[in-house]
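Have a look at the structure that comes next, please.
Chains: A, B, C and D, in written order; residue numbering restarts at 1 for each.
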Amino acid sequence: MSAELTQTRVGRIANWNVAIIAITVLVLIIAAASVDSFGTGQNFGFLVLDLLPIALVALPMTLVIVTGEIDLSVASTLGLSSAVMGYLWNANQPIETIIPICLLLGAVLGAVNGFFVTVLGLPSLAVTIGTLALYRGLAFVVLGDSAVADFPAVYTDWVTGTIGSTPIPNVLIVIVILAAVFGVILHATPIGRAVFAVGAGEQAARFAGIRPGRLKFWLYVASGVIAGLAGVLWTLRYSSARADNGAGLELAVVAAVLLGGVSIFGGKGALPGVIAGVVLLGSLQNALRLSDVSNEALNVVTGVLLIASVLGPNLAGKLRRT
Amino acid sequence: MTAVQLTAARRNSLSVVLRARELGIVIALGLLVVVTAISNPRFLSGQSVRDILLNTAILAVLAVGQAVVVITRNIDLSVGSVLGLSAFTVGTLLQNNPGLPVVLALLVGAAVGGVCGVLNGVLVRYGKVPALVVTLGTLYVVRGVTYFWAGGSQINADELPPGFLSFGNASLLGVPVLVLIAALALVVTAIVLRNYRVGRELYAMGSSPQAAQLAGIPVGRRTVGAFLVSGALAGVAGVLFAARFGTIDAAAGTGLELNVVAAVVVGGVAVFGGSGSVWGAALGALLLTTIGSALAVLEINQFWQQAIVGGLILLAIGADRLVAVRVAAGLKKRGSHVG
Amino acid sequence: GGTTKSSTEGQNTPAPQGTAGKADPNAPLKEGLKIAYLPKQLNNPYTDVEVGGGKVAVDEIKGTYKLVGPNDASASSQVSYINTLIQQQQDVIVVAANDPNAVCPSLNQARKAGIKVVTFDSDASKTCRDAFINQATTQGIGESLVKMASELAGGSGEIAVLSATPNATNQNSWIEVMKTELAKPENAKLKLVKIAYGNDDDQKSFTEAQGLLQSYPNLKVIVSPTTVGIAAASRYVSASSYKGKVAITGLGLPNQMRQYVKDGTVKKFALWNPADIGYLAAYAGAAMSSGQITGAEGEKFKAGKLGEYTVGADGEIVLGPPTEFTADNIDKFNF
Amino acid sequence: MAALLRVRGVSKSFGAVAAVRDVSFDLYGGEAHALVGENGAGKSTIVKMLAGVHRPDDGTLELDGTALALNGPADAKAAGIAVIYQEPTLFPDLSVAENIAMGRQPLGRFNTIDRAAMVSQAARLFTRLGVSIDPNRPARGLSIADQQLVEIAKALSVDARVVVMDEPTAALTGVEVERLFAVARSLRDDGAALLFISHRFEEITALCQRVTIMRDGKHVSTDLLADTSVDEMVRRMVGRDLEALFPKQDVEPGATVLKVQGLTRDPVFQDISFEVKAGEIVALAGLVGSGRSEVVQSIFGVDPRDAGTVEVLGKTLKPKNPKQAMAAGVALVPEDRRQQGLVMELSIERNVTLPRSRSLSQLGFLTGNSERRSAKEWTERLKTKYGRLSDEVGTLSGGNQQKVVLAKWLATGPRVLIVDEPTRGIDVGTKAEVHRLMSSLAAEGVAVLMVSSELPEVLGMADRVLVMREGRLVAELSRTEATEESVMFAATGQEATV
């Protein structure tokens, strides 16, 4: 085929961010067309509720990974937040104070990560594997193996409910708002510029008057707060606070973020791609279940997509160079 | 003080500091055992020690493999899934032909794991995909494949040849065979890493990839090799798992990867490669397992276990950093300009 | 003072009443009913036997059988499956709840959509299911567990329980009965020293068994009211120095326990026929779907080869007394 | 006699930059061959081709008259070519002895490494070099100089027929240089061929017999050293007369803008005090490793300081606070373009506007337009050549990268411009532009502080020359006082042999 044709094709492949969005849209269309009742409003609601926690936690995670760090403790933060929520509810505290406390808790847990990574300068992978175990452990310490239930219907119904008679779930508002906030911060503010600079060249960023340590610290705090929020919403959705809530979610989140075209080495990535990654994983799972495909299939698909998301552009790059 | 004495003095002080990592774990382990034994002497009974060692064996084998990869500034998150695949493969194999000798079972397991390892290594090196991404991907893929194959079926103890099961509990001179196998893997790897060029080249790669390239080290082959080892050992661990627990389903070893990485990190292997030892990694595994059993014996609420492990990891890497900083400071002071 | 637990006590969503307002005992059993089984988790041999029985029943009534479930015994993934089943417009969902409350909202959503919800194995809270198949009365199981334990312990000594998860509804209620039984004078010499939890996870149960034997040198019997636990404990003991010194009993599957009964590790254990639970659940669900019953106390319906059953209080349907298995009779059973 | 190693018309380019174009020269056994040229002339690139790191795009290498295809550093080693790279390439976690022996460790029983032998081998090499480095210590934390010495030991450990040294003396003190030369001579006299790269002519004349001169990646000439003079070499390197290159117009110095007092950071520099007035260009000269970069970096606040004060227009700067320094009108063009100057993976526009993203934002938001506009304006002002503003800056040629760094800082409208090695690795033409730019800025009343290792640049541009030696200010020379001799003398503390 002609040279410029290869060029354009390569160009498209190379920009994974565009590719992933295209793939996602494609999957959605195919699913809606071929899987009956995938397109129903109710199923849309279920879909959104299922990907709620991943979608939320993936937002700050994107920024953290763009700075070249990682936070594997998010799922445990979610669990601890949920456990504390249950504990306080049992202690007969008003939910209106419990929720802020859980967010605050998230901030503190995030700050602990931030402290170890930025102040002590320890590798974030090791640190957050440590806090992954620590926070989950504390969750069990707080609530043991028991489950706390009967949270106020007003709240649980809001989380599981939809806007008026529309099929649009209330929580979608939360996702959209937060996605917008993080998207703007990352792509349209000096902070965002700093995030990319730190991830791509920390030293050069320092020489441009940016404080990488401080930046990363606050990103970890943000990650904690959102994970705390995710814990609250998770608890209300299932109206059941448990220490093991969200166990193992961290890998799904990281997978979604990387699938969204964010470089694990930092410096590269975009939020729309990540959102697409989350939606892709979520809708695939949902569609496969509806068509009675065991979710083992999903594991394979996820893994392959994940590797392809980096391998594809690399190979494309090679193609271009030759 | 003459130059010679000076150098000698340096050497000792230095080697001590450098060994401090492993030392720290040994001390922690000692304390734990003593405290537990005091509160309940049966903790040191033959049976109890035997159980702890048996439980450690599998984690230790995985940790040794992981350490090799981490030393080269990579990581292998797929070990848990690989263990599952290997365990199920071997399980099915034995189910269908009970006559199969255990040694062959081990080899099959190692082979299965080795293939997965090579796949990881090739993708990392020649696909230029970061190890974290590759192995996170294969974590899902391999697990998925296992589920497909197993399709919810479970292999029970009574379906496995008694010979194989007894191998899981057999012991030689009082030491369980599984433990001996783990020890063998550990010692061999340790010797290769310490006393053979290949081993040193792995450290070199982790310590400075660019310099490794310039020094003419075959980085490609070594990387694949490291993943091969990790994979193969995960495979062996799978066989040990099958022999130990007798009941195997597609979920075997789920979520194990983080414990393994934890053991390695606690064992003082730097996640950025170039330093640490498989001894440390194995000790890390032993420590984590012992904590588990100790808490059960000490009647400490089992829920504390995970929290304690987490705190321990932070402590370990924190202390490790402290040592590193000290050493660095110590070394900076040593001017060597003549005149 | 905001919304607190006490301020919201009992004002949670009431159960939507079954669509069939009134029961008609003579209504014909509908054919082609879509009956879906959602156990706690797949890959659990006990569960496999249960749902196996279900499949038989569903075929008998010419319905379509479906089995779905998570690989982790988590409530959250169960909810996703319930949602899927709602989308697929099943007629009956037969579910073993991983968390009595977490599954409630979606189960009620299912019932709103006209789906009958039958729980088995581990009940969901009464407000969100139409009927519960009880494998045996809590009382009956608790008593027989204590009876077997005291026989094996020779009437006196330390015994320990290796249960599933601390919030497993059924295990807990049995343990409660055991405690009241043990309080009785004839069991005064039996001492329950510890309740350990193996989370119905093979390895965890295995290590928990180790822990028990280390912490309690004079332990005489381990009672494990869960198939995973008893198998793991037996496997450990049969290969350890404790073999012969410590007895294992509880609830187990003949196929899983056979070798341990044969090698003398286990003298006796009990269980109802799990296949019958799934079987009964199918008929109960079908009867409800066909309007024969609504789940109200006193209603009667026919459950194929098992004969006629009566709905008890709170929609509970009791299967019957458990069977004891020993070296003599174990080979008669294959499940 | 026959050439041992022949370089035959080799070329190498990196994307836009043609680093080496059709260069040929021969190395003879028993002879030291100098390779000189300005920064960025292509010397290191030649070295890397001899080392098998880069493959020539064009041309061949011949060893003993037979073509030599190097598919990697291993091949070069096997062929008996030992290389000392410009930037030390050690394994920080491994012991010094192991660093030296890597890949060729002495083996004992069962092919296990014989550590004792390895250590004693390293010790022998160090005695031969006359330095006392503990072979058992890890390489981490070695000073640049010590790292360089280990590199040299590495090269000696292979009994090589061809020894290539890329600026091995850059970080060494006179004594160490002498030791190195003694060893080099003995190697040479044993029949090895030496390729020696240095910016210091006294070293070249002291060691070498033959000299090859490069300019802009091209071969200019190869002669016996006896047949040429330093001035001649310089002229050929630079390609024109020095005066033409440094068009510094005289400006009447204004008020003091930058005032540094007793600035100290142990162990790198101590008690540095000086002033820079508006319209002045002050050069900070000295040998590489004398501490100049650390001084300017702690003035700007990226490095900490132990003592001393920094004032800009009477305003005292807090230590370790680049933001405040920038606000006060200080700009630093750092020495290491790839690491400190630019974020290589980011686009040109992002790099140019990085320090100003806040001031460019409207209500704290950045649409990208304001950045693109500003970036366009400044890159055009500096005549930067690029494809699209959204291209990664890493794809630009060295010279254009440097222009981007300058644009980045000039755009902040600095009152004090600090430039560290402003013309390192950029071609002659750009160099002249940069110099013109600096003097015109001075003319506009900006106070310029220039760190430079290139004497001609220092002499040509500076109104005043401050000279550092081993972390101390040892001399302040007016434009008239400053000559090659006087500066060299101050910098080395000994009579320059030029």
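What we mean here is this: a residue touches a chain if its C-beta (ideal position, glycine included) is under 8 Å from a C-beta of that chain, and two chains touch if they have at least 3 such contacts.
Predicted model, so just to flag it, every value in this text is computed and none were measured.
Across every pairing of chains, the maximum count of C-beta contacts belongs to A-B.
Distance from the centre of subunit D peaks at C, each centre being the average of the chain's Cα atoms. With centres defined as mean CA coordinates, subunit D is found 44 Å away from subunit A. Separation between the centroids of subunit C and subunit D, computed from CA atoms only, is 76 Å. Note: centroid distance subunit A to subunit C, computed from Cα atoms, is 36 Å. Those residues of subunit C in touch with two or more other chains are numbered 71-72, 197.
Within subunit B, the positions touching two or more other chains are listed as 147, 250.
Across the assembly, subunit D contributes no residue in contact with two or more other chains.
Under the stated contact rule, the graph of chain-to-chain touches falls outside the line, ring, star and complete shapes.
The full set of touching chain pairs reads A-B, A-C, A-D, B-C, B-D.
By the touch criterion stated above, subunit B contacts subunit D in their complex at residues 3, 7, 10-11, 14-15, 18, 191, 195-197, 200-201, 203-204, 206-208, 210-218, 274-275, 327-328, 331-332, 334-339. The touching residues of subunit C, counted against subunit B in their complex, run 42-45, 48, 71-72, 197, 202-203, 206-208, 210-211, 213-215, 217, 231-232, 235, 239-242, 255-256, 258-259. The touching residues of subunit C, when paired with subunit A in their complex, are 1-6, 8-9, 11-13, 66, 68, 71-72, 74-76, 79-81, 83-84, 86-89, 99-102, 104-105, 125, 165-167, 197, 199.
Chain contact summary for the complex, subunit B toward subunit A: residues 75, 77, 123, 127-130, 132-134, 136-145, 147-148, 250, 255, 258, 261-262, 265, 270-272, 301, 303-311, 313-314, 317-318, 321. Those residues of subunit B that touch subunit C in the shared complex are 40, 42-43, 45-48, 51, 55, 147, 150, 152-154, 156-158, 165, 168-169, 245-247, 249-251, 292-293, 296-297, 299, 302.
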